[in-house]
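Taking it in order: structure first as structure tokens, then the write-up.
Naming follows writing order (A, B, C and D), and every chain is counted from residue 1.
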Amino acid sequence: MADPMKIRANLVGDETEVKVLMSHEMETGQRKDAQGKVIPAWFIQNVKVMHNDKVVLAAQWGPAVSKNPFLSFKFKDGAKGDKVTITWVDNHNDTRTDEATIA
Amino acid sequence: MNRHSLFRWGAALVGAAAVGIALHGCASAPADDEVADRAAAMMKSSFKANGQATLARLDRDETQRLCSEYAGRPLPPDIAEKIRQANLATMRYPADGQFVGDWKNGEKIAQSGQGFQYSDDPKSAAGANCYACHQLSPKELSYGTIGPSLYRFGKLRGYTDETRRYAWQKIYNPEAFSACTNMPRFGAHHILTEQQIKDVVALLMDPASPVNQ
Amino acid sequence: MMQTKLHRAFAATLFASAAAMATIGVALADSTSDEIAKYREALAEGNPAELWEARGEEMWTKPRGSKQVSFKRCDLGLGPGVVKGAYAQLPRYFPDAKRVMDLETRLVHCMVTEQGYTEKEATKNVFGNGSAHRSDLEALAAYVVSQSKGVAMHVPVDEPHVRDMYRLGEKMFYYRGGTHDFACATCHGDDGKRIRLQDLPNLTKVEGAQKAYTTWPAYRVSQGEVRTFQWRLNDCFRQQRFPELIFGSDASIALTAYLAGRANGAPYEGPAIKR
Amino acid sequence: MSMDAQRRQALRRTGALSLLSLVSAAGWLSPADARADSWNKNAFETHSLDETMKAFGGGAPVPSNDVVFFSTPDIAENGAVVPIGITSRVPRTESIAILIEKNPNMLAAVFDIPPGTEPTLSTRIKMAQTSNVYALVKADGKYRVASKEIKVTLGGCGG
């Protein structure tokens, strides 16, 4: 199973700043191994960020997003103690959901 | 020499003096030579052969031994001269007397850092990685500063036989000019082939080379 | 003799014109280094080394090995299980092993003596390669070093065993060999130099050693892995065209003792994020 | 044929899938709904801005000073990780996409920006070589674009 994400959600003024690091190979499908065999593509395709029950960001990614992806953005109406939940799904249909509390 | 490099030389001398004080500051410390010998023996047992990089790579020739010994402090003039003479004796020249090859190939050699590492295929050609230490073509922003800029090498010095010969020699065995230089002995140590050295000379000396634009 | 003198006189004039040209080189380089600084600043905003730290922390507390014990009895020099500030005082001499050890060799020692791993098991994957071959040691190291953030380096260089290793490490630093005549000092013995666009710390000076040593281990973006100081030395020697430095060997610890000792006084700042 | 597979095929047949419909397709209710079939395969296999716009079902984007790169260096020390920050000052921004001209596939990422989320984000992408990078913004159904060149350099000992 995939490793947990590292999520930070901090209230800055009236906005919640979310920073997340995900553990993923993000293999492009363009690289070859030592034997010259193509390493198959393996990458996160969808990311969804929820604040309580509301989607605050939805993303589609290609394999050009860097290994161990980083993402940072801000949304309004968050309050200290609220939950921010992040889910990713990769092209192997592997998925991971983690949450953080707004601080 | 400009002010900038004078300053650097000054700093290097101060640094060397500081190392000297540190070494002699401790009265009970073992003699320097003894530490050096033990370090060399320790290295032999701390490395393992991997592919083309065998343990023989740890064996030093006289130049390497002297340059290790005098590193971090001023090189005595007689030792420097000894090193230069020994390396001058290794100098070989192209069989056909032609120093200049193909600059385009020279540029590729100057860009490549491959060769002689245990991770490299011993069958593929080695590069010289000139850009790691020198500025050459202004198009390449990613260049190092361990060595001087070679931008407009030929244009500044003139496209003469003497300069072509100098460029060849400097690549073949730079220890023949400046003892304990940081630059590898690309010819004397068979890192580059005769043709490859000609191609790098062309990168420096061909008026059409991007280096001379 | 005549020939040499001629060479030298000629070389001197060539060098003078090269120095004149260097001014142009410097101007070009300034905007490049500004942009590289911007690049590094943007990277510092999020360091994937945190993912390794989290995994390492879990491993530190979980029962492991055939004896199913955690690292709670592993003594990194400050007492059993003490992690806080431990990295800032390594390498040090450990009487129980009768050896000067750095963090990585000490972790292996604990895995073998406390947890029941064989030496071979404990060192089978010291440098990880992707999620299929990830290294427990790199994760453990990332966690342990993260607990020394802000702690001033204080390697016990006056302790006789460490002092001896320090002096041997210093000699190694200047040891020129191999096909390319490289020593550590070739690239790390002068101020203000860079290889390609990467600044080269002058490790012969305290400031240089401090800046370099306190930022390892680091997440290397070129590899997508956290790399330890053992890896840093191993890969430097590969590029020096030397044979392969053996993990945890005396030479690796001597050189680490030299560089860590020179970094004394500076706050530890790793794990960093690097190219 | 499963529902998912049918839907994928339907998406493929329509070809020109608008970003708007994607946003609704991406309107998951729970994490379990975050399925990969809301991934615009056509758009991620394009090789030019024209093709990408076609896959998005949009017209040619208009260059705009209201789409701004921030914390995005002109030179990347390593192409494997290139930091990209994009902010849109275009009112009612619905989505932000990152495109890299000289990558094997042009589209790197698309972010849907619901109301209440600031149209500002930063992430990191891979670049195969020095290239133009586009920040593509959709607002009120129209596309705007900004571009900048990022140089990818060789580093270290080169081996």
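As a convention for this text, contacts are C-beta pairs under 8 Å (C-beta built on N, C-alpha and C of every residue); 3 or more make two chains touch, one makes a residue touch a chain.
These numbers were taken from a predicted model, which means no experiment stands behind them.
The innermost chain, defined by the distance from its C-alpha mean to the mean of all protein C-alpha atoms, is C.
The centroid of the Cα atoms in chain C and the matching centroid in chain D are 38 Å apart.
Separating the CA-averaged centres of chain B and chain C is a span of 25 Å. We define each chain's centre as the mean of its Cα atoms; on that basis chain A and chain C are separated by 30 Å. Between the Cα centres of chain A and chain D there is a gap of 15 Å. Among all residues of chain A, those that touch two or more other chains are 66-67, 70, 72.
Residues of chain D in contact with two or more other chains: 75, 80-81, 122, 124, 153-155, 157-159. Those residues of chain C in touch with two or more other chains are numbered 32, 45, 195-197, 221, 224, 239.
Pairwise chain contacts present here: A-C, A-D, B-C, B-D, C-D [touch as defined]. Across the complex, chain A is touched by residues 22-23, 26-28, 31, 34-36, 38-40, 44, 80-82, 100, 103-105, 107-114, 116-118, 120-127 of chain D.
On chain C, the positions that touch chain D within their shared complex are 32, 35-36, 38-43, 45, 195-198, 221-222, 224, 239, 275. Of all residues in chain C, only 45-48, 50-51, 54-55, 130-131, 221, 224 touch chain A in the complex they form. The residues of chain A lying in touch with chain C in their complex are 3-4, 6, 19, 21, 23, 25, 66-68, 70, 72. Of all residues in chain B, only 111-115, 117, 119-120, 127, 129, 131-132, 141-142 touch chain D in the complex they form.
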